[in-house]
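Order of writing sets the labels: A, B, C and D. Residues in every chain begin at 1.
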Amino acid sequence: MVNLGVSIGELKLKNPVIAASGTFGFGREMEKYYDLSNIGGISSKGLTIKPRLGNDVPRVAECDAGMLNSVGLQNPGIEYFIEHELPHMLSYGCVVIANIAGHQFEEYADMAKLLDKTDVDAIELNLSCPNVSSGCMAFGSDASMIRAVTESVKTVTNKPVWVKLTPNVTSVSEMALAAQDGGADAVSLINTLLGMVIDIETRRPVLKNNAGGYSGPGVKPVAVRMVNEVFNSVDIPVIGMGGIMNAADALEFMIAGACAVQVGTANLVIPTACNDIVISMEEWAQNHEVEEISSLTGCLRRW
Amino acid sequence: MPQQIEFRCQIVKRQQPNASFVILTFASPEIASLAMPGQFVNISADKFLRRPIGIMSVDREQGLFSVGIRIQGEGTLNLSVLQPGHYVSLLGPLGHGFKLDNYDRVITVGGGTGVFPLFFVQQYCQEHGIEGIAVCGYRSAAESILTEEFTKTACAVSFASDAGDMTIAGHAGHALAGVIADLIEKKADLSRTLIAACGPKIMMRTAAEQAAAAGISCQVSLEERMACGVGVCLVCVCKTKGSDGEIENSRCCADGPVFDAEAVVW
Amino acid sequence: MVNLGVSIGELKLKNPVIAASGTFGFGREMEKYYDLSNIGGISSKGLTIKPRLGNDVPRVAECDAGMLNSVGLQNPGIEYFIEHELPHMLSYGCVVIANIAGHQFEEYADMAKLLDKTDVDAIELNLSCPNVSSGCMAFGSDASMIRAVTESVKTVTNKPVWVKLTPNVTSVSEMALAAQDGGADAVSLINTLLGMVIDIETRRPVLKNNAGGYSGPGVKPVAVRMVNEVFNSVDIPVIGMGGIMNAADALEFMIAGACAVQVGTANLVIPTACNDIVISMEEWAQNHEVEEISSLTGCLRRW
Amino acid sequence: MPQQIEFRCQIVKRQQPNASFVILTFASPEIASLAMPGQFVNISADKFLRRPIGIMSVDREQGLFSVGIRIQGEGTLNLSVLQPGHYVSLLGPLGHGFKLDNYDRVITVGGGTGVFPLFFVQQYCQEHGIEGIAVCGYRSAAESILTEEFTKTACAVSFASDAGDMTIAGHAGHALAGVIADLIEKKADLSRTLIAACGPKIMMRTAAEQAAAAGISCQVSLEERMACGVGVCLVCVCKTKGSDGEIENSRCCADGPVFDAEAVVW
């Protein structure tokens, strides 16, 4: 018998597989296809104070080993979420994380205050959405801002606060340390890499937003390196993601230092991806006589 | 009970009516039995993302369904060379199709690859005793497609070509104008008539305007670049008018691809 | 008739396709397979003051859409290069660029001094090799260092100086501006993205060096975005690279703002890649009635 | 004249002696005519990098060559399922093979996939009137491979298995020791004898030590992870001793894969 359970600080998950923000909606579509209590958790679509329509289409561009998106945080707003989506999400039987993105510094704490009164299991601060022009991108690449935003949120809530880091920085571990200093309970990484795809016939960017966030298998080597780097520099738990398509990929992140993983783009290609990964992970652990999946976290034998 | 969404389906037949198009027939009792006209499948095409393709027809008895594909880029090219026997992963049936059940008469107006999903509409009308009239616009007779099938299946057809070498010279709108004028002349009751359009945006918009002018209901099938096809990623949105007239984003994949023409913000 | 000729500042190339440093040796192996006068230029393997053996093997790890390398600047040293390789390279009939990497600040100028006496066509400063521990990585992510190193080199040579930029920074255009301020004649980008691949069975990084430089099609969206970003912020020519496998990819970079491109990893998969790209590029230009390939540079129609 | 390096070769034959191995035969008059024993090809295997595989035999008249592949990971698995008729892109012939021409007698010592390229050595010896002795080490008789072919082609063979179920119990080194002892007993002239080894590093090192002890020349074929296979990327280096005894990096692909055992830093 394999124990797939993991802890992220105080928070317990029945397995380490979390659906990543923006690739799973609020679970309503996916619950048709499998029992969402099979997975470890769901991070909601990124939420803002006010409802947002997001960017113009095209919002997706394909590339060799992944895709770029420029959704631009389309969402119904935090209040609608709390009233109409969260209760249903909490019924799925897995951990529920609210992913929030602020336009202004204060908005993070304002949203956290609202969430503090709910039964949401954790709050993930998206400090790094590359698709909002006057937005949170700036927060994510400035260590002092990361620290300050994290502190401001920690002041208003006792919920576990995860800080989601952007890979578009010179030193991701510096950003992770800032989150830790600010009191973050965990860091999650990576968000998307800023990229561009051009249609050579029209000589236009495929995305109406010109640039967008690159995700999928093509970003995995960068993500694994960053997770390992951050794992080696902070003391708080690390949640790893970026290009996980199957159980082997998920295990790679755990070995690199992740105590749990998030699966994003894979859901868009294989709707049952998270479920499939949990099943194959258990099989792998059984075959490899790993009794506690959590024992893999950070077991990388660096040369 | 969770619903199966991904199927590995075998290709049982491949037809290539001309250099630009192939018709692939897949074995899938599930999709064949569930699919409704206007729905689509999201097919693996040896590229990172799947490709959304409308369902062209179903054979519910034999558990088969077909899709018509225009070779456009790499993904559709990859699909077009697949031979019978090959298995392909696909998601389906996806989206909301045409709502046909309140109508006595359905005029399909198609252009380009839009004629494929509309053939399924005609098939459905035939099976359900709805009067089907098929209007198709082509570039030229040489590039026309499914004309025989439409002729066999629909109660009436009207084919137009830009090149002027088919019944009507001009685009689908010209043919549709003729069909509507005919019906009005015949004093047909148009209150339970539907125009179902699928094709280039400009064609659908014209059809919608013609429908509105004639007081006919109209549904259109929109196309947007997709990723998931199931409604979770929000990349495929189109602007629509909500019941209160406010502009909203609808997901082409999950809320559509078929919308009431009146709700569409062109 | 298509004119494939391009200029990088004063330097004229018969076409915009340059073999990227580290993926073409000094041309000796490749000249067996095609006439190197067909391509625009060759950037030499990265050179250092002293010969270097480089890192331990394994030095290569495969990933979904590319590879990671940790060669670690194995090279015979600048003096050997000048005496034994450069004369032969100059006989190929294409432009020859010496790619140099210093351990210490002064080494760049020291090497440039030696190169100044040769017939080499340009000097490319590799300020960003991710595979040398106590090395040039630090230079490449510090704008003031980039400026200073570039200045120090410009002082000792009249050769065109290209500054090669690393993508592993928060703001690549800030680095490009620093190079421009330092007097660079052009910037070239991107060098490799720092990544890691882990073998889940052995729980070890595949590369003996643990991390390595990611290249190939998987980095292209990031590279194209950066080239466009830099093109929009500097006044000097931009040389684009990162994942170019075919003529369409090369054109994408030119449209984004590159006046010439470098082709790296593609050479490792298809030895004749550079030659193939020149031929297909000419064909494409003919079919598209583009008379001057250089007219494509920066023609991107941003939304 | 530039030399062609990339070929799209058709698979003309596929054999699968057991679950772990396949032998693929390709049509390529160029590679068949140029290849020398110990050289390899770098094959596209539907992965980003090509896979280096030694040449197992050539049929110069018919313009064919074969490779033996052990299914190891995804790349070799992809190759192993290819059927005759399929075209594959490969680079070759690559590298420096065994230098056999100064020898009257060649003892090949192989283990694992090393037996494949060594079969080509035996084929060459047979054709060139060199006395070929084949020593092969296997895990067990069941997992042995090419034994019939070696028996037919070499002047003498000696098969060992770890499981103890073949002529010699133990590894290839045990079999080699027997062969050397035999030759010494027979007072054979060993000055123009070569030991050509290919297989696990430990096996080659043992063979090299045995050769040195007996005063026999020895060449070994090294394996390193490769990218280009043609010498430009420097990822595949192994440490060797230069003529002045200094430690250098040699490229396994372009300077090797075959090296004088004395030059190798184990």
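Of note:
To be clear about the criterion, a residue touches a chain if its C-beta (ideal position, glycine included) is under 8 Å from a C-beta of that chain, and two chains touch if they have at least 3 such contacts.
These figures come from a predicted structure and were not determined experimentally.
Touching subunit B and subunit C at once are the following chains: A. Between the Cα centres of subunit A and subunit B there is a gap of 37 Å. Taking each chain's centre as the mean of its C-alpha atoms, subunit A lies 34 Å from subunit C.
Averaged C-alpha coordinates give centres for subunit A and subunit D that are 49 Å from one another. The set of subunit A residues touching two or more other chains comprises 61, 63-66.
If touching chains are joined by edges, the resulting network of the protein chains shown is an open path. Every pair of chains that touch is listed here: A-B, A-C, C-D. Against subunit A, the residues of subunit C that register as touching in their complex are 61, 63-66, 68, 141, 168-170, 193-198, 200, 202-205, 207-211, 214, 217-222, 224-225, 228, 243, 248, 251-252, 255-256, 299-303. On the side of subunit B, the complex with subunit A involves touching residues 2-6, 47-50, 91, 224-228, 230-238, 247-249, 254.
Chain contact summary for the complex, subunit A toward subunit B: residues 22-25, 29-30, 32-35, 45, 53-54, 57-67, 69, 71, 74, 216, 265, 267-272.
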